Amino acid sequence: MVQNASKISVSGLNFYYQKKQAIFDLNLKIHANSILSVFGPANSGITTLLRSFNRLCDLTPGAHMEGQILLDGKNIYAPDIIVTELRRKVGMVFDVPTPLPMSIFDNIAYGPRLSGMKSKKLLFQSVEEALKMAALWEDVKDRLSMPAASLSGGQQQRLCIARVLALKPEVILLDRPCSGLDPISTAKIEESLSHLKEKFTIVIAPHNVQQAGRISDRAAFMLMGHLIEEGPARAVFANPQDQRTNDYITGRFG
Amino acid sequence: MGSVERFSHLLTRSAKRKQDFRSIFSRSEKIQQFNIQHSAFSTAVKDRLRGRLAVWLRVALAVGMCFSLALLGGCGRPKTGVIIAGSTSVQPYAEVLVEGYAVLYHDDAIDVQGGGSSAGIAAAESGTADIGMSSRDLNEKERELWFVEIAKDGLAVIINPNNPLTDLTINQIRDIYSTKISNWSELGGSPAKIHIIAREEGSGTRSAFESLVMGEAEISPKAIVQDSNGAVRQLVADDKNSIGFISLGLVDQTVKALTLDGIVPNRENVINGTYSLFRPFLFVAGKEPVGAVKQFIDFTLSPNGQKLLEHEGLISSAIEGIENEEI
Amino acid sequence: MKKFKEKLSGRIFFIFALSSISVLALITVFIIVKGAPIIAKVGFFNFVFGMKWSPSQGEFGIFPMIIGSVSVTLGAAALGVPIGICCSIFLAEFAPAKMREFFRPAIQLLAGIPSVVYGFWGLLFIVPFIRNFFGGPGLSILAGAIILAIMTLPTIISISEVSLLALPRQYKEGALALGLNHWQTIWSVLLPAAKSGIVAAVILGIGRAVGETMAVIMVLGNAVAVPLSILDPVRTLTTNIGIEMGYASGEHQQALFATGIVLFVIIMLLNSFAQYITRKR
């Protein structure tokens, strides 16, 4: 396999919430156009790590970090970085679907509109493209003006993915995107993710180990804020180097 | 049933209820006791709690009954103390009289309230007040009540001290208040809209003004309405484009009283009849006054009382004793 | 035994609940009984739309007072709603915790000031201010609107703030993760999502303004005429009752009770509307 260029490069990351340390000395390289699963038990710092990639952690009062996170070689915590632009490049899908209180079309078109796109034709194209990529187009193409809240849970989550896609990001972060969804919706989302990695870099925090096993190229196991092990997915799951990884995968603790 | 009988009746009924309560309680407590036998609680402590609970119940019940009785009892008027209510024009003078009365007779249980002449007359009629104060003549229906004139009061038309005008005719004042004249420039002042200030409809001062100045014409509904002489005076003192009417005795240096056709509004001109705006101050009662009420009214009409009123700026009516006066 | 006690306590609570409703029923029946005869006599349309209020001459038209109430309330809403909503956004989204601890009780304190104190302050401070800077007698719709706007601020601010804070955290995060800045998030996402709560807050605030008497009786000027500008004095339905109740008798008193009926209907409609909106979410 060709060694892809590092899309995101984390070195020496220590993350603190006030006095409490959430991430300890983390080093990680994320390759472009691949799916990385970051998995582990709750409170291991996985969500914190994901949020540090799009600087959503800035919202939490008292959150600060040491170390470096480079996106395409540029430190995303440099003072000249415009956070809103960063967040368009690094999109995020949450564990709970968050449709905006507007129609399906307006939800997807929101981002492009804000970036200045005004032409109705262009907007419609973006919306269609995004919905197709998120495998939602067939379901909603006849009712784009319906309120987004009228969709089912799985559809809403795919809407959120489409919304992120409409911004043409480079990285997509997904924090337990399928928690609370039925298996069919989960399967649909996993399928779209495996297509999306051709265009985007994907980092996913799965809500169970099996999902990680199904879709990821590489996997990273985090425990209590430490990165225990990281490598190609098959290797990590079939042949974990660390005893703790093995214990977690086999379900001895969780 | 008298109140005493009612009270004892209530007591016996409550005693029976207490019996029922206690039996209910003891039954439930037997169950509780059985349940608590297994706990670390000693039965001695439980007994003491039970006794205390019963005592508190009785105390609460007794307090509650006393409270409600007090409320019921207090519903009527207190037996001592005279209540005087009515015209806000008469009110400050009545208060002066009450003070003087207290000094002489060592009785300070007299209460003076406002509300306006009409309210005062109505209160006297219904018995809510012992004496009603009025600053206007009584109408036909009201004359059936007992009344006496205690003084005469001039009515002054006031403007702001910064207003250059000093004199107006009654016709001009009438036209101002009916908004035929609406700008000060029409009277020789600098152009500005005239702000007319009147009293509320139930005011004796307003009725006096209407009958003495307006006649058939109406005070415009656009007039600003205030509910006491003091409020009118305050407003005229603050607003340089305003005009109002108040009791002559209440005019002070914060406002300017207009001369009417050249006649200065003061006591002398009211007495000699050249200043035509004056009205009677009346004390009205639902029935012939007796006791403390009679004593107070006698004091008001006595030389001492009249001197007090004159000193405050009213014109004495100079009558002696209580008579049904034809005014 | 237990069953009896449970039944008894249930009955006692029922009686207490009933007593509060019965007070409402008593008041309603009372004002209807006292006020209906005059409406029947004068005629509903003549009463509500009549332009002349002159009890001494038997004229009972309350339309000038309705206009007064509407204009003062609308003025209060125009002033109070934008300030209130901006304040609630500030408290919910921008204020650091320390500032919030200071602002919230301060705003609640505004609600605790007696309305007569507001009226007094308005008379001594707002009225001369309007007179000197805007003209007119100072006693005006504007003065009443300013006072009422201040009085309704606590209601609008606290309920709007609660609505904003009650929004799921993901709304804000989802919007920010899309690259929206803070203001865009508030304007396009949070406010529309909290809309029904904010609207309910505004309607409740307006309901309070409509029923205010003491605060405005001193600053409105109480002229019984349809106002032509916000600097004109007016009389509202409530102040009309407040001024004249002391000396009204006979038909005059009935007419004041009838005014009370009209007020009652207005406030009931406003409250039902607010409830309908909150339920619709």
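Lettered A, B and C in written order, each chain numbered from 1.
Please note the rule applied: a contact is a pair of C-beta atoms (placed from the backbone, for glycine too) under 8 Å apart; a residue touches a chain by one contact, two chains touch by 3 or more.
The model shown is predicted, which means the values in this text are computed figures rather than measured ones.
*Asks:* Averaging the CA atoms per chain, pick out the one whose centre lands closest to the mean of every protein CA shown.
*Replies:* C
*Asks:* Let me spell it out: compute each chain's centre from its C-alpha atoms, then which one is farthest from chain B's centre?
*Replies:* So the farthest one, by centre of C-alpha atoms, is A.
*Asks:* Indicate the whole-number Å distance between the mean C-alpha point of chain A and the mean C-alpha point of chain C.
*Replies:* Computed value for the inter-centroid distance: 48 Å.
*Asks:* Using mean CA coordinates as chain centres, what's the chain A-chain B distance in Å?
*Replies:* 76
*Asks:* Take the average of all CA coordinates in chain B, do the same for chain C, and state the distance between these two points in whole angstrom.
*Replies:* 30
*Asks:* Using the touch rule from the top, collect the residues of chain C that touch chain B in their complex.
*Replies:* Residues 1, 5, 52-56, 64, 127-128, 131, 136-139, 221-225, 233, 235, 243-244, 246-249.
*Asks:* Which residues, counting only chain C, touch chain A once they are in their complex?
*Replies:* 168, 170-171, 173-181, 184, 188-189, 192-193
*Asks:* Which residues of chain B touch chain C in their complex?
*Replies:* Against chain C, the touching part of chain B is residues 24, 27-28, 31, 115-119, 122, 193, 195, 200-202, 218, 220-227, 235, 238-239, 241-242.
*Asks:* For chain A, which residues are in contact with chain C within the complex?
*Replies:* Going through chain A, the ones touching chain C are 54, 56, 59, 84-88, 91-92, 94, 96, 98, 100-102, 110-111, 114, 160, 163-164, 167.
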